[in-house]
Amino acid sequence: MPYVNIKVTREGVTREQKSALIAGVTDLLFQVLQKPPAVTHVVIDEVDLDNWGLGGVSVPDFRKQNP
Amino acid sequence: MPYVNIKVTREGVTREQKSALIAGVTDLLFQVLQKPPAVTHVVIDEVDLDNWGLGGVSVPDFRKQNP
Amino acid sequence: MPYVNIKVTREGVTREQKSALIAGVTDLLFQVLQKPPAVTHVVIDEVDLDNWGLGGVSVPDFRKQNP
Amino acid sequence: MPYVNIKVTREGVTREQKSALIAGVTDLLFQVLQKPPAVTHVVIDEVDLDNWGLGGVSVPDFRKQNP
Amino acid sequence: MPYVNIKVTREGVTREQKSALIAGVTDLLFQVLQKPPAVTHVVIDEVDLDNWGLGGVSVPDFRKQNP
Amino acid sequence: MPYVNIKVTREGVTREQKSALIAGVTDLLFQVLQKPPAVTHVVIDEVDLDNWGLGGVSVPDFRKQNP
């Protein structure tokens, strides 16, 4: 029954990378908690850079300040 | 005060279907818990098929394997 | 594949009421979007009254102001 | 370590407004709980009007009924 | 219609601090986006220290490593 | 900047298992998307069995029907 939500910045995550995240998380839950893969759901949210804040500023500004 | 988040795959959910989900959930919370409809918020998230995983694979792959 | 998260205040929701919410939401997704019940997950979060805010105040204060 | 998720309707929120929300929330967590800004993450979700329900109807219908 | 979810570690957040967070976020949404306080909902989640990870370790371990 | 939320049923997940989930997810995000571990946050939610629904019934009832 696990449900996993992964939020990352929207920066060209490929279909292959998404599949790797889904497979990896599902396997992790099986290895650690013996959750059968059939009942594990994973949802990946891609968040626009301007909509993610860190250190009090948006990610684009954060990266300018922390190059 | 209820807040309900419904996540479904993005597959052409119509405005009428969204309204039906909103009305149905709001009514359910009134019927079961007597929550006044005025304070019930519903947010529907439509998730791209590649971003949803089930059984360790993305939904498109899952459907190929389970036709 | 739907995932539904219902947040309500923690005020003695019974097991029967939880079951009614789960059954009702699952049926709604079948009626409106033909989602098979087997893949619908529902998670109910009960939130302490002091941890829910509305109108700028916590729920207990809100109720005092709006009896 | 705080994580804040802000959901608002998608109605032309500007980059400056998003920055103001990020800065304001991060400062609030520092003022109230002394959380260092460096570890506070903020994610803003903009939700289509048809996907947000209030009072049992979508936001556009709610506004028609409550002008 | 805003909905704000604040997740912080469970470390003795007082009722007064929770009220300050609720009031502050609600005011911020009014100042920045003119959202009327009456429709802003805030939910505070307090997360056990062992259940929050940062830098690949739980918060207690993170603090031991970064005193 | 990734943020990962893992929801599992509350069934005696140990501190070691939580640490393994945190380490595993953080490593996965580094392997797949080169996200530096320092900015990856993981929050594990343990959900009471009666509060999780699957197939239209709560998890305890689901298990009785699918032994």
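Going in written order, the chains are labelled A, B, C, D, E and F, and every chain counts its residues from 1.
Keep in mind that, in the parts below, contacts are C-beta pairs under 8 Å (C-beta built on N, C-alpha and C of every residue); 3 or more make two chains touch, one makes a residue touch a chain.
The structure presented is a predicted model; accordingly, all values stated were derived computationally and were not measured.
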> Out of curiosity, which chains are bumping into both chain B and chain E?
Replying inline: C, D
>> Going by the touch criterion stated earlier, list every chain that contacts chain B and also contacts chain C.
In response: A, E
>> Of the pairs C-F and D-F, which shows more C-beta pairs in contact?
In response: C-F
> Could the interface between the copies chain A and chain B be described as same, meaning over half of its residue numbers are common to both, or is it different?
Replying inline: different
> Which whole number of Å gives the spacing of the CA centres of chain A and chain C?
Replying inline: 25
>> Rounded to a whole Å, what is the gap between the Cα centroids of chain B and chain D?
In response: 20
> Residues of chain A touching 2+ other chains?
Replying inline: 1, 3, 7, 21, 25, 41, 43, 52, 54
>> Strictly by the criterion at the top, what is the full list of touching chain pairs?
In response: A-B, A-C, A-D, A-F, B-C, B-D, B-E, C-E, C-F, D-E, D-F, E-F
> Which residues of chain D touch chain B in their complex?
Replying inline: 7, 47, 50-58, 61
> Tell me, which parts of chain F touch chain A in their complex?
Replying inline: 1-9, 13, 17, 20-21, 24-25, 28-29, 31-33, 35, 39, 52, 54, 59
> Contact residues on chain B for chain D in the complex?
Replying inline: 15, 18-19, 21-23, 25-27, 37-38, 40-46
> Given the complex with chain A, which residues does chain C contribute to the contact?
Replying inline: 1, 3, 41, 43
